[in-house]
Amino acid sequence: MYSQFVDTGSDGQKGGQDASEQERAFQARIDEGISIEPKDWMPEKYRKTLVRQISQHAHSEIVGMLPEGNWITRAPSLRRKLILLAKVQDEAGHGLYLYSAAETLGASRDDLLDALHDGRAKYSSIFNYPTLTWADIGAIGWLVDGAAIMNQVPLCRCSYGPYARAMVRVCKEESFHQRQGYELLLEMVNGTEEQKAMAQDALNRWWWPSLMMFGPADGDSVHTQQSMAWKIKRHTNDELRQRFIDQTVPQAHYLGLSIPDPDLRWNEETGHYEIGEIDWDEFWNVVNGNGPCNRERLAARRTAYEDGAWVREAARAHAEKRQKRRAAA
Amino acid sequence: MNTREQQQFEYLLRLGDSDLILGQRLSAWLGHAPVLEEEMATGNVALDLVGQARSWLSLAGELEAQGRDADRLAYFRDAFDYRNVLITERPNGDYAYTIMRQFLFDAYHYPLLQQLSGSAHEGIREVAAKSVKEVEYHVRRSSEWVIRMGDGTQESHQRIQAALDDLWMYTGEMLTPDDVDDALLEAGVGADLEQVAWSWHDRVRAVTEEATLTLPDESWMQQGGKQGRHTEHLGYILAEMQHLPRSYPDARW
Amino acid sequence: MSKDWPLWEVFIRSKHGLSHKHVGSIHATDAEMAMNNARDVYTRRNEGASIWVVPSVQIVSSAPGDKGMLFDPSEDKVYRHPTFYDVPSDVENM
């Protein structure tokens, strides 16, 4: 998802005899569904895991502005331009809400950004793929935002109050993101032959990376158990992935597009779609920096940050000068 | 269209094109601004401007009555048919350049819309009355940023001063009436640019003074945007903006 | 030291006449910027009729450890609630 690999700092769930009195009380509180607030006691690992998870999510939002942002100036109608502008701006807002949530845990936005810029922090693998045609803007809304929503809606009930509240706001705002993407593609598949071809091509390129957004298969996801006990992850990767597939395949059919998976089939008994093998080799390569756009995305973020340093400094310097002048007056 | 309608059409294109081109420029900052809060703010200004452009161009299309809507006007006119003021097509440059460009335009845009809110033309009056609220905020925000940069660090002072010096020659055009401006003023439809200029000078003087900036000497002013003679930049802006609809003229998006 | 701009908490009163409600935070170097940023971030969907911004360092909050002392004592003060009192149902307008 937007936070695909969150290290909980432990290999499994700690409970029973090993846990301290405080930890047991903490877990009991989570089990009861009482939310944890910034000043409450929390295990250090919970704090660190949350900072990692929330900041990965925040980084994904702001890196995610880039592939779509590069089409704002090329949007093919004024209406589409306004929609895309508003959407990319929302992503900046979501990044902002999430950094704020991480800040309540004692992290500074600046440190989190440093970690992104020097490659220590991760962001969603999906944003390392290029947007090549206008149909990609539709595919991102439909598939990428669709996948994100699957993960984010349950997080509105996660155990950490500020994170849950940020997610409520994010989900409320995101509800138009997926719809605008689908509507965009609907227009294209009902359009010219070239538009239909663009739409199919976009699905061909975005389908598998979208499925990879949900992260490694459950068997390879060592931290899931602890995160679920802490209620900062509410469903496993494979559960969410399956739900996404079941929901999306009929939507593709409605568009008259075919899913680029020869092994895709409906299983009457389970009531689910079955898919072919995900290329995990590609996934890990994209995660580890070898995706088509990893370097460009990070370079763009770094440049923005470095070029903006004097602006941030100027505002600060002016505020200090003004304060001094006021004190002297 | 008769002469009067032709002049109104020109006037509406000027309003719409200036908003559209500046909105287009600003929107390129998304994802690259100095701080997240500025991404949001820049996005809002860009949204306001593109939204206003859409309203003005719709009015222009209705007046022309040739079946051209706002999109048709935005996407299927070449540079020589564009009527934006030149300052709006200046490149983004550094953030000081973007802020100064914005401020110099806002300081003109705000009194212009105030005047147009009293236009005899109902459509113009309505769009102006709605837009003027947005632009009142734009000018407040850009003024504050000019002051922050001018009175910030040595580096920011140098950058914003350099931006002011460079952009100065593109300000005269906004404030100098031509035949179209005169005709519309006389008809009670257009703005009185003399008054707009007063307001502009007052604000620019006050803000630059607080920002400890030096106003450039009155110098040669570039002209031509309002008549369709542009800088080289506009061709590139349009090539990027219009590429899709022009490549696939039969497509709907 | 963090290079971040100072943090501000944002409170918005919506149009429905309710009290200002905490909606989140933003970074800003001065009060004007804090107000602008709060507006640009938190009122994009017609949410606001009034904004308060407060430097986060100025907020004083109760300590979680004081929860028992501060809040539990009010639990048994049932006589503060109207349902504590029996009034015959044929008495109207009460």
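By written order: A, B and C. Residues from 1 in each chain.
Throughout what follows, a residue touches a chain if its C-beta (ideal position, glycine included) is under 8 Å from a C-beta of that chain, and two chains touch if they have at least 3 such contacts.
None of the values given here were measured: they were computed from a predicted structure.
Asks: Considering only mean CA positions as chain centres, point out the chain farthest from chain A.
Replies: B
Asks: So using the touch definition from the top, which pair is joined by more C-beta contacts, A-B or A-C?
Replies: Pair with the higher count of C-beta contacts: A-B.
Asks: Distance from the CA centroid of chain B to that of chain C, rounded to the nearest Å?
Replies: Computed from C-alpha means, the inter-chain centre distance equals 40 Å.
Asks: So, what's the distance in Å between the C-alpha centres of chain B and chain A?
Replies: Roughly 36 Å separates the two chain centres.
Asks: Distance-wise, how many Å sit between the C-alpha centres of chain A and chain C, to the nearest whole number?
Replies: The mean C-alpha positions of chain A and chain C differ by 29 Å.
Asks: At least two other chains touched by the same residue of chain B: list those residues.
Replies: 35-37, 40, 44, 148
Asks: Using the touch rule from the top of the page, what residues of chain A touch 2 or more other chains?
Replies: Counting only residues that touch two or more other chains, chain A contributes 89, 93, 96, 109, 312, 315-316, 318, 322.
Asks: Provide the list of chain C residues touching at least two other chains, using ranges where the numbers run on.
Replies: Only 5, 26-27, 29, 33, 41, 44 qualify.
Asks: Okay, in this complex, where on chain C does chain B touch?
Replies: 5, 26-29, 32-33, 36-37, 39-41, 44
Asks: Going by the contact rule set out above, which residues of chain A touch chain B in the complex?
Replies: Those residues of chain A that touch chain B are 62, 65-66, 69-70, 72-82, 85-86, 88-89, 92-93, 95-96, 99, 109, 134, 184, 187-188, 191-192, 194-195, 300, 303-305, 307-318, 321-322.
Asks: Would you tell me which residues of chain C are touching chain A in their complex?
Replies: Its residues touching chain A are 2-5, 7, 23-27, 29-30, 33, 41, 44-45, 61, 63-64.
Asks: Under the definition above, what is the set of chain A residues touching chain C in their complex?
Replies: Where chain A meets chain C, its residues are 37, 39-41, 89, 93, 96-97, 100, 103, 108-111, 165-166, 169, 173, 312, 315-316, 318-319, 322.
Asks: Please output the residues of chain B touching chain A within their complex, sorted ascending.
Replies: Spelled out, the residues of chain B in touch with chain A are 20, 24, 27-28, 30-40, 43-44, 46-47, 50-51, 53-54, 57, 70-71, 74-75, 94-96, 147-149, 151-153, 155-156, 159, 240-241, 243-245, 248, 250-253.
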